[in-house]
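Multiple structures follow.
Two complexes, one shared chain (chain A), two partners (chain B, chain C).
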Partner chain A sequence: MTQTQPKTWDVAVVGAGMAGMAASLFAAERGLSCLQIGNGGGLLFASGLLDLLAVHPVAGRRLWDNPFEALAMLRRDQPDHPLARVDDATMRAAFQSFTTALGAAGMPYAPPGDRNANVLTSLGTAKPTYGVPRTMSAGVGALAGRPPCLLLDFRGLREFSARQIVATIGDRWPGLRMARVEFPGAETTAELYAAHMAVALESGDFRERTIARVRPLLGDAHAVGFPAVLGLARSGAVHAAFEEALGVPVFEIPTMPTSVPGLRLNSALEQAVVTRGVHRMLRANVTSAAFDGTAVLTLDGVPGGETVSARTVVLATGRFTGRGLTAGQQRVTESLLGLPVQQPASRAAWHSRDFLDPAGHAVNRAGLATDDEFRPLESDGRPAWPGLFAVGSILAGQDWMREKCGAGLALGTARLAVDRIARQLGVPGPLAEAG
Partner chain B sequence: MSASFLRMAFLVSLGLCALGLLWRVSAWLRVRIGPDARDIPFHQRLLAAVRGTLATLVSRRTPGVLKAFVLDVFLQRRLFGGSRLRWLGHLLIVNGFLLLLVMHALARLVTAKLYPDYASTHDPWLFLRNVFGAVVVVGIVMVVAGRLRRPPSPPRPQRPMDRVFTALVAVVLLSGFLLEATKVASPKAFYRMANEYIGSTDPEELLPLRLAWATDFGVAFPDLQGAPDPDKLAEGRELHHDACASCHSPPGSSAFVSYPISRVLAPIAEPLDGIDADTWLMYLHLAACFLGLILLPFTRFIHVLADPVSLLANGAASAGPLSPVGRANRRALAIDACVDCRLCDDRCSVAPIARSLGNPALLPSHKLLATHAVATNPRWLDRQAGHARRIAEGAVLCTTCGRCTDRCPVGIDLADLWVAGRADLARAGQPSPAQWVRERSALDWDEALAVQTAAQNPVGPLSSRRETYSACVQCQTCTNVCPVVAHGGEEPGGMDLTPQKVMNLLRLGMIDLAIGSGMVWDCATCYQCQEHCPEGIRVTDVMLELRELGYRRLGDTRERRQRE
Partner chain C sequence: METQVLIIGGGATGTALARDLALRGVDCVLVERDDINAGASGRNHGLLHSGARYVSNDHEAAVECRTEGEILKRVAFRSIQDTGGYFVAVAGDDEKYVADFPGHCQRSGIQAKVIDVAEAREREPAISEHAIAVYEVPDASVDPFRLSLESMAQARSLGARLMRRTRVVGFDRVGSRIVGVRVRDTVTGAEQRIEAAQVVNAAGAWAREVALLAGAPVEMLYSKGTLLITHGRMAQHVINRLRKPGNADILMPGGTVSVLGTTSVRVDSLEDIHPTVDEVDLIIDEASPMLPGLRSMRFIRAYAGVRPLLGSPAGADGRNVSRGFALYDHEDQGLSNFVTLTGGKLTTCRLMAERAADFVCGRLGVSSPCLTAVEVIPAAPECEWTVPGRAPREWMRAHGLDDPMLCECEMVSGSVVDLLYASLRSAGDMPTLTDIGLRSRVGKGACQGAFCAIRTVAHLYQRGDFQARRGLDEITDFFRERWRGQHAVLWGEQLAQAELMEALNCGLFGEELRGVAGFDALRAAASGEGTP
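== the complex of A and B ==
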């Protein structure tokens, strides 16, 4: 990094999950000096699929082919939903920049369009999503057209069973077959781990030995599905090599978290933000913050208890898993700044009586209430501090897991917040791509 | 003492010395250190040694060998880099002794042949003998002073033979000076010579010569007190010039060490003559020399031979890597090449650990002895009652950083020796903990530990705290990034446990089961797991702590079982 560390950062992003990464990336692309603080790791649980919005309303489990139509409906039905505040242009620009950056960092995505895609999961179900990694995109067509296909798994890789997928979906996909192969060099190993296989397959030797075992099994298959182990840092090249050697489209099927695509996403995003000049303090934790003309954040995990100052702060600390919110005995609190949390009136109202209630649980819509610029509000309804923004799953009024809008929520809110920050700091507006 | 007896004694000593040397030198080809040396037959090693010697003498590498000879053997360059005082002292001792040996001890064979008019009591020989003797004494003083100035280090077990030899050297030096001093002052020696060369022992007849010798040579005639008659003295000096001067230089200035001693002895010259002190001192001097000669091959002073060989071999080998046979020879040579200078101990990376554990077996100088002993005597380790584990600790904790090798003034490849020695220790029943923990399964260890009461079980500050691992969500990230899991370990079927399973065992309070697992002991401590853990769990630190606990607890259990 050639950029020197400024005394006061334009933006301090707290959090290194999907939303924190997106905010850092967008801020850096805007030419803002950006400091990112906090432990990574949340991204490891990502599947690599980028959902925009697929289900609305959750109670009716209505699936949408076109996520932008779903967004329009959401704006009408739930104007307080964070995504209702993100316009289509901002959302498209967010996905465009994000997937372009990932592609440059070695994790290419199919170009985002207007449609949701159905991806075959390791359970044999179809998952609607928006952004699909190139290594998985052939599976979307296969699942849609259901030509004769071969699904492979590896003995010892316990988290993935092609047999289970065929058992689940086979009656609706007559040409679907499965086969189990030995992973080269692991013939006596009882248990295999996806990440190690992925690294091994980056070497030509392992790849060729694997391909040699798969080729005789091809038969009439129009496409071949593998568990998502085709390379780690160079998945694009590994995937291409498999397609070339087998002569048919090859697709990965996402595995259970923590999965190889999650590792890929994590390292590709790290690379993307670092090459754009974001300064990262991964081992540090923000312990307190004071707001005046600028924000002064106190860090631990840094020798001497360093403080940093920033003109604006983006809170991307996540919900309960990311520890942005703390669920106490009676109340949900915001962990870092003690901001007011919009939440059910009492503990009794947190959860529905039915665990699998289609409408979800009220506590999963708890979070920070914000204005239209994603600035968290104090109890008097005014922004807590003019330069403080909150993005991602910490925001109130959404249930991203059920709505299948995790990436849409992270990217869309981060993009909009960064647009507002740029405007506040007097930085020229979004480039033409936003149109 | 007859000359023939002397010659006989000398030849016998020389023969015994030669046999001893042959035995010791043959050990350089016989001793097998390390698994790769085990299957190399004697004749191959002999062949390699002969070939190496020839290659050293005539080859493209000759310039390197010459350079090594001049800088390393002759000027002892590597010692110079360590301590100047010690270097100078050592140089004085070696060269003083060497010159004494050639000029004085081997006078008949060397000096007298080169200088037909050689006489030990005539200058420059008398003077030079004193110079060389003084040089050795000064060298010894410097080395001893250097030792005293160094911070105290734990004593290394010494061979009793080394002490005997050191004492013999002192006897040789001391008796040499005393012998010379006694002879200077001795009237009896005077009469013996007068009888031989003038044919008279009559004190009156020899009075002029006696006056001259009392005045100029310091012979302590009890009857000659006070100022001598100048005429008689002149007459005596003339007689001296004719009869004695060709063999005798005045010792007052030449024998600058023994003459002052003779002045001290002068008052008791007569009683000394009465007990034939000069003869006995001569016996003592020669006996010490001969005994020293016989013992030399069995002391660490064999290094006078082993070091040049080691250094020259280094000079010859510096062009490329050694063959396995060459390496085997070098390892066997190491024990004899070591001069016990302890410079390796000063540079040892784990010396601070040796201090904090109070275990000198970690130090290179100690390990060298242990490595050699383990390789040459299969029962040696068993006889180190209670110390075997400490010796094994020394081998395990060594990081093979190679700083000792860099420092060794005689060019021993110590780091290579440590690696080879580990394998020998393992064969002798003291493998590394990571190896012996595999003697039984984790379940077996767990069972064995369950017999102990909780009070005996040390706990670790990290692993005993629930908070350390309570945040673990079993996401498998640690396992995914673990290179040891990726490699699969030594057993078929891969690692018995993965890092995340170890964490899970801790969560379940099953620490005894965790510390016997292969994962804990094969952990490469690369810290990938700890760096990647999304929950910030100190996975690697926990692994290290489990190892520490395991070493103590399983080690005790293993020892108890071995005793039973």
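== the complex of A and C ==
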């Protein structure tokens, strides 16, 4: 579907991380005209796993099997937490449309239910998460049942050693074995890059040569685990081909960033928003904004310089890595608009001296304070501008890394903000889930 | 175990002493409770003092530094970069001090050459436009890790024994003699007894604790100093502030970075020494008038070391050999085979060792002369990897199939890790990731190990070096250790870097959840339960 570029957009989304993508997707699904501006980046680091909420309270390191029970507890304990403002129905709808859209763009997910899943990582830890890509979902069952299982790796893929995983958890998973194979065509190279391997495995020839090397190693394995390199744009198909050829469930194990699932997520989301009519200005930076009846954003990175106007704005610029927040030597500021940032009294209180302090680092909870609709507040407690919303990790009061709620935070807050925007703009109730 | 001389402490002083004794043919054992340079020797500025810094207030120390610096530049040339140093005064600095400086240098025999300010700024653009005077002196930079590692390697090649992770926990004393030293393996907890004719306490700031164990108290105060590492090298020369020694007046070049410091803060205890946010800010504030670029500089790390400030043994007058360092014979405390050697500087570690060795040899009746000022320290393959740029050159030359690049910031490949691992292993040790970090550039680049630590562990498993859950333990230990030096300098770009490291280790791998039922041990998976 193509759209003529309206003079004033319904929504301008600033940011192209998980939250910006989710906001753009949801806005387009609501039929809103949407311009997304963002210079990429954030998503490339993602693991492909979509966390909702697994740990609360972090200081007590309490793990939850059911993320919605965890949410209920969070609402009770920390009503100012951004996720406490997102009701279950909105959260479910957000994951539903997000994973459906990803599936349609070639990155299918296991249907989200009521439970968190444990996913084996390349360090041999079991990461609790919620949304699991199809390419990884057989691993959840394997980890739970621990049948005889084979883990494979490729010489030259430096960040992934199947032997490491087997050594780390083998005592508790007696049927777990490992094998190392040469990646076809790379017998004389010292280093392999996951992205190159993923692309290569989309070709039938590479796939068959790889499968031929793996098949004799199968033995009694009920399932086979690989590092996450099974295809890039067509991972669903590549994974299915491996399963069919090997005759057992096949699963990927997430690796260190920049990982292939991060690349997949990035390109699948791009495709999802573009096919829904979102107009994207990549590599552009919003440098300033003026608010009156509409918002006028000034961009750079666009030849000739440009301003765009929108009736509402979604700020999804992330934290320090995303550059939505700037840490000066003494204070944290909001980079684009200079919005007030809720933060500890001084830098001395930003970080604990223990990296793995269960309570986390106070600076990770710094961010924008908002009203219940995710409109950032000025210091007088009033929304900065009626049509300005902030979503994702820039919000104050959360610690997504320890709460295991990164995607939940991005999706849930984006969904709720887009609902409010639709209401503000007089767009009728949620449309049927776009597929 | 028996030996002629037992040395306690594996810093610059202890390793220099092991080398000295070994060259004289004296059998010695060095016990170090942690690792080589785990104390002040691994937490200093790395300035091979020309002596110019001390000319105004400590002529003797200035001369000592000058002569020792000249010797080390010959015998330890591999560890030293003869960068030269500038002394820079800026508008507002004490002009009398500036005027007196060349005369003081001359009196101590230190060459100080006036440099035209404009020319100095051309060579070192980091210097402020408000500079008013610049002198050039023969300062140099020294890699303290390489110096200690190579000294120890030479000592070992001559028969000296090194016991890392071995802590002295007690002394058996009969009359005036220490007849046995009890040591504990800090990993296994196993204890053993070492019998030595002479015992040298070279435990740096911990010398007081060790002497106390021997029942021979010495008076000592502690002064903590904090240093900052910049992202990228700011200058080619050592840049000193031309004023009375004070806070934050030295910027050292060190390979790809610069090191800025230091402070002097009295501390009462050696527990929990770490750089604070206030010290970091103070250092930047104080040094910025000379180096204005510091205001916008990115810092990748901060660390703190402790200098012992010496008194004399309680109730006795010790043998104060020099103003800079102390060699106590403890004879007035009724001990005949125990000496304490502490204080001093990295620059004077060879001299300290010489004096102590002379003394101990006198007691042993050994008459062989000191050779450390003439014998060049030989190269040792396992001691070369702390030098930035060394590993990549080697890798480009001989990049094999089994030699993947593990650290991309500092370019450390698998073969370097293997070599270090093997050399530690051959000494009977169980090498850790942190040990490898100390002997190479792993974890020292801008990413502070976020990626290379994980790749290195995968590599070590692959080689069969790591087993069971060890890698996870090592990774968490390594990041905790790295973090100690990071939390005080986290703002700007470096905070973004740290955020990424946390997203990886906590967000993805969940390392902070280790030990939680339901996370660890896959027990959750087995029972089908996620909640504890």
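Just so we're on the same page, the second predicted complex is superposed on the first by the 429 of 435 C-alpha atoms of A that agree within 3 Å, B and C clash if a C-alpha of one lies under 4 Å from a C-alpha of the other, contacts with A are read in each partner's own complex, and residues count from 1 in each chain.
What we mean here is this: a residue touches a chain if its C-beta (ideal position, glycine included) is under 8 Å from a C-beta of that chain, and two chains touch if they have at least 3 such contacts.
In this text the structure is predicted, and so the values were computed from the model without any measurement.
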Will chain C clash with chain B on chain A after the two structures are superposed, or do they fit?
fit
Looking at A:188 after the superposition, I want to know if it touches chain B, chain C, both of them or none. Which is it: first, second, both, neither?
both
Regarding the shared-chain residue A:45, is it in contact with chain B (first), chain C (second), both, or neither?
both
Output check: A:199 vs chain B and chain C. Expected answer is one of first, second, both, neither. What do you get?
first
Partner chain in contact with A:68 - chain B first, chain C second, else both or neither
neither
According to the stated criteria, A:118 is in contact with first (chain B), second (chain C), both, or neither; which is it?
second
Of chain C and chain B, partner touching more chain A residues
C
Return first, second, both or neither, reflecting whether A:291 touches chain B, chain C, both chains, or no partner chain.
neither
Contact-wise, after the overlay, does A:257 reach chain B, chain C, both or neither (first, second, both, neither)?
both
Using only CA atoms and the superposition described at the top, report the least gap between chain B and chain C in Å.
5
In the superposed view, which residues of chain A touch chain B and also chain C?
45, 188-191, 257
Would you tell me which residues of chain A are touching chain C in their complex?
45, 47, 49, 54-55, 61-66, 115-116, 118, 121-128, 143-146, 156, 158-161, 163-164, 167-169, 171-173, 180, 188-191, 254, 256-257, 319-321, 323, 326-329, 346-348, 350-358, 361, 363-364, 400-402, 404, 406
So, in the complex, the side of chain B touching chain A is made of residues 475-477, 479-481, 485-486, 488, 492-494, 498, 532-536
In the complex, chain C residues that touch chain A
274, 276-278, 281, 284, 399-406, 451, 454-455, 457-459, 461-462, 464, 466-469, 471-472, 475-476, 479-480, 482-484, 487, 490-492, 495-496, 499-500, 502-514, 516, 518-519, 521-522, 524-526, 528-532
Which residues of chain A touch chain B in the complex?
39-42, 44-45, 186, 188-191, 193-196, 199-200, 257-258, 263
